[in-house]
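Look at the two complexes coming up: chain A is in both, with chain B in one and chain C in the other.
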Partner chain A sequence: MSGVRKVASAVALLAIVAALSLGAAAGGMGPFFDGIRSLGAFYLSTAPPQIAELVLGPSYRGLSSYSPEVVTSIVWDYRGLDTYFETAVFFLAIIGAVAIYRGIEEPVLRRPASGLSPIVRAVTKFLIPINIAVAASIALHGHLTPGGGFQAGAALAVAPIIVIVVFSRRYLLERGVTKLKALFFRSAGLIGIALVVLIPVIWSVISGEWAWVMQNQWKPGAEAFSYPAYLGGALISGSIWFLNLFEFLAVSFGFTILFLLISIDEDTVRSCMIRGGEECDRY
Partner chain B sequence: MIEDITAIAAWAGLALFVGGAIWDLIAAIGMNRLPDFLSRLHAATIGVIGGAFYPLIGISLILLGTDIMGEYRYIAAGSAALTAFLILLLAPAGSHALARAARRRGLYRKDILVTDQQERGETE
Partner chain C sequence: MIDIEVFIKTFIVLALFGTAGVGLYGVVAKPHATKKIISLTILGDTVNALAILLGYRYPGGIPPVYTGQPPNEFVGRAVDPLPQALVLTAIVIGMAVNLLIIYIALQTYRLYGTLDTRLIKKLRG
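This part shows the complex of A and B:
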């Protein structure tokens, strides 16, 4: 690239950046709003139970999700069905990967891999428990502090990929983290989510009272059904805590399956996919 | 007496914080100017330890030495100290793994190599 063209492209980039910032500063992205919009004010005042009951009055209790963490209550309560189908999309992605790698799981390794040097291995052994504890706290406190099931699952999924890189795939398999078990726990998480979503409907069919799909606390028009907001004195925000827990299971083990699959030797996968048959039946 | 200690902690924290910026500048220059992978890795670790570990300790000291943020400053100071500790563990392990891999694959300039400690015993 010649000097003139370099200068020209730099000037063009700078001009684009300047134009975009000028446009944004002049109100091109909508008028500036100083304060909280009405929808945000509604979420902020109804999601935390104390504010909903004390400030807005007892009649607003039915609009509260009983979760002080507004983002999680929006994700799992106000727009819960959206998150439910996002989970379904993730489920389909994992199923696609498992289908592509069918028949070539768990190849027998010829020799035990030693992994990286002792320094890296020692640090990793020290950090894996911290990782798991942090992920569990993100998931189980998801209704109180920023975080939630998906973020916690992604945080926990760091552990298997680090173990695969630093130790080896075989190290993980020998400690019982196999694709079959990961599939089991992931399916358990998904079934849990579906159950939590459908329990109000099942209850409605049995009792004859009205209840919504994915209902958390009682709603105006469906007062009879409500998940318990407190369990043993601790705030669990009804269905949100359970949904976070099951999403944590589903996402972390879904990622674990992916990491186990993509860490298979590329030549093995390719020869299996091209030739198929007896080459892959060995595994 | 206790005011003196907190003031010293705050000023020491501020010094570490400003020092971190200088370390980061040195690391950035080194990343650009140094000749091969291993020496650039040295510059990168200066950026991590000097430009991330020390400033985090500095933030922790500043928070403990002043009364900004009220009660929350203890939480923030603890988080900063814990993050610094984790960086102190992780950064050397990561750079060690990179350096080891680079040495194994020969991805460095042998003509400017001063010494190779692993040359004598090819154990790990």
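This part shows the complex of A and C:
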């Protein structure tokens, strides 16, 4: 790079920082560190049913999402359509990656997969069930404690990549975690999300009453439909629990497909490092 | 007398702006695709951290999860939940999109044998 371009880049970099700082100092980003915006305060005071009842009086149910976890209520209730289309972006990203790798077949096993040392493998065998349990807990309690479908999916996606590094990709494939099965579970999760979103509309067509797309609790103007907030005495916050569960399936198995496709078989790496050759050039 | 709290807050915000600028610089100016991808992840993570900071309350912020406090205390002390809701989806979607970009980069390398955009630009046919 020539000297003039270096100076121009440095000046541009400083100008970006200065412009952002000026905007922030002029209040363009709202308050830093103290106070919250009125929209955030509205979500905080309506999402938990106990607070909504005190703040809004007896008409609170039409605005509350029946979840003490305000972040998850925003993700799946107040701004549910945002999240719905974010899931569409996620779907397209994974389908794009799978389409790039179409027709690349999995290499044939020549000898049993060995992986890292026995100590690492034994520890991993203990850690993987714990990882899966934690992820399931994050997903299924997402409406009560910090967490939800996205975080749990990302937490579970750690399991296949640890198995690939410690054992090998072949170990995962031998135990039945194949691309086809992962695609099936990911699609099941996505179909589940679409169904939960559309059930109010289907119900509306059948019964003739009014209902909104993605409606959780009843809303003013559509009082007849409401997902059950409690199931057998346990708070499930209506549709939020189901959406968390299906998003958990979609995200975790979506990442599993990508990690399965992007990793290279241990045998291939070893034979390429020892012998080399034509077919190794592409790695 | 310098107020140390104001200094630290200003320093954090300026550091985030600086990191975002470095990420943007890397995406624009670095010729190698791997470095562009690394810069893009730096830029995305910085913007996420900035969004979380915008909703943060410094003295006495509590998580936006209702655990039975008095309502005034909960609404008056909890951090803003909206940036957190936006960032949690942005992180997961960002990871998926980054993986898609990495797939494209890997395929480019396997087909053309290079990720240097100056060399890819000269390829014909």
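In the analysis below, the second predicted complex is superposed on the first by the 223 of 283 C-alpha atoms of A that agree within 3 Å, B and C clash if a C-alpha of one lies under 4 Å from a C-alpha of the other, contacts with A are read in each partner's own complex, and residues count from 1 in each chain.
Please note the rule applied: a contact is a pair of C-beta atoms (placed from the backbone, for glycine too) under 8 Å apart; a residue touches a chain by one contact, two chains touch by 3 or more.
Since we're looking at a predicted model, the values are computed, not measured.
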>> Quick check on the superposed pair: does A:Pro220 touch chain B, chain C, both, or neither? Answer first, second, both or neither.
In response: neither
>> Quick check for you: in the superposed arrangement, does A:Leu127 touch first (chain B), second (chain C), both or neither?
In response: first
> Is A:Gly232 in contact with chain B, with chain C, with both, or with neither (first, second, both, neither)?
Replying inline: neither
> Comparing chain C with chain B, which touches more residues belonging to chain A?
Replying inline: C
> After superposition on the shared chain, which partner residues are touched by A:Ser117: those of chain B (first), chain C (second), both, or neither?
Replying inline: first
> Just chain B (first), just chain C (second), both, or neither: which does A:Gly57 touch?
Replying inline: neither
>> Looking at A:Phe150, would you say it contacts chain B, chain C, both, or neither? Reply first, second, both or neither.
In response: second
>> For A:Gly27, using the defined touch cut-off, is the partner it touches chain B, chain C, both, or neither? Pick first, second, both or neither.
In response: neither
> Counting only touches as set out at the top, which of chain B and chain C does A:Ile16 meet: first, second, both, neither?
Replying inline: second
>> Residue numbers of chain B touching chain A in their complex, please.
In response: 86, 89-90, 92-94, 96-97, 100, 124
> Within the complex, which stretch of chain A touches chain B?
Replying inline: 116-120, 123-124, 126-127, 130, 166
> Contact residues on chain A for chain C in the complex?
Replying inline: 1, 9, 12-14, 16-17, 20-21, 24, 29-30, 32-37, 39-41, 43-45, 47-48, 50-51, 54-55, 68-72, 74-75, 79, 82-83, 86, 89-90, 93-94, 96-97, 100-101, 145-146, 148, 150-151, 153-154, 251, 254-255, 258, 261-262, 281-282
> Where on chain C does chain A make contact in their complex?
Replying inline: 9, 13-14, 17-18, 20-22, 24-25, 29, 53-59, 63-68, 71, 74-75, 78-82, 84-86, 88-89, 91-93, 95-97, 99-100, 102-104, 106-107, 110, 113
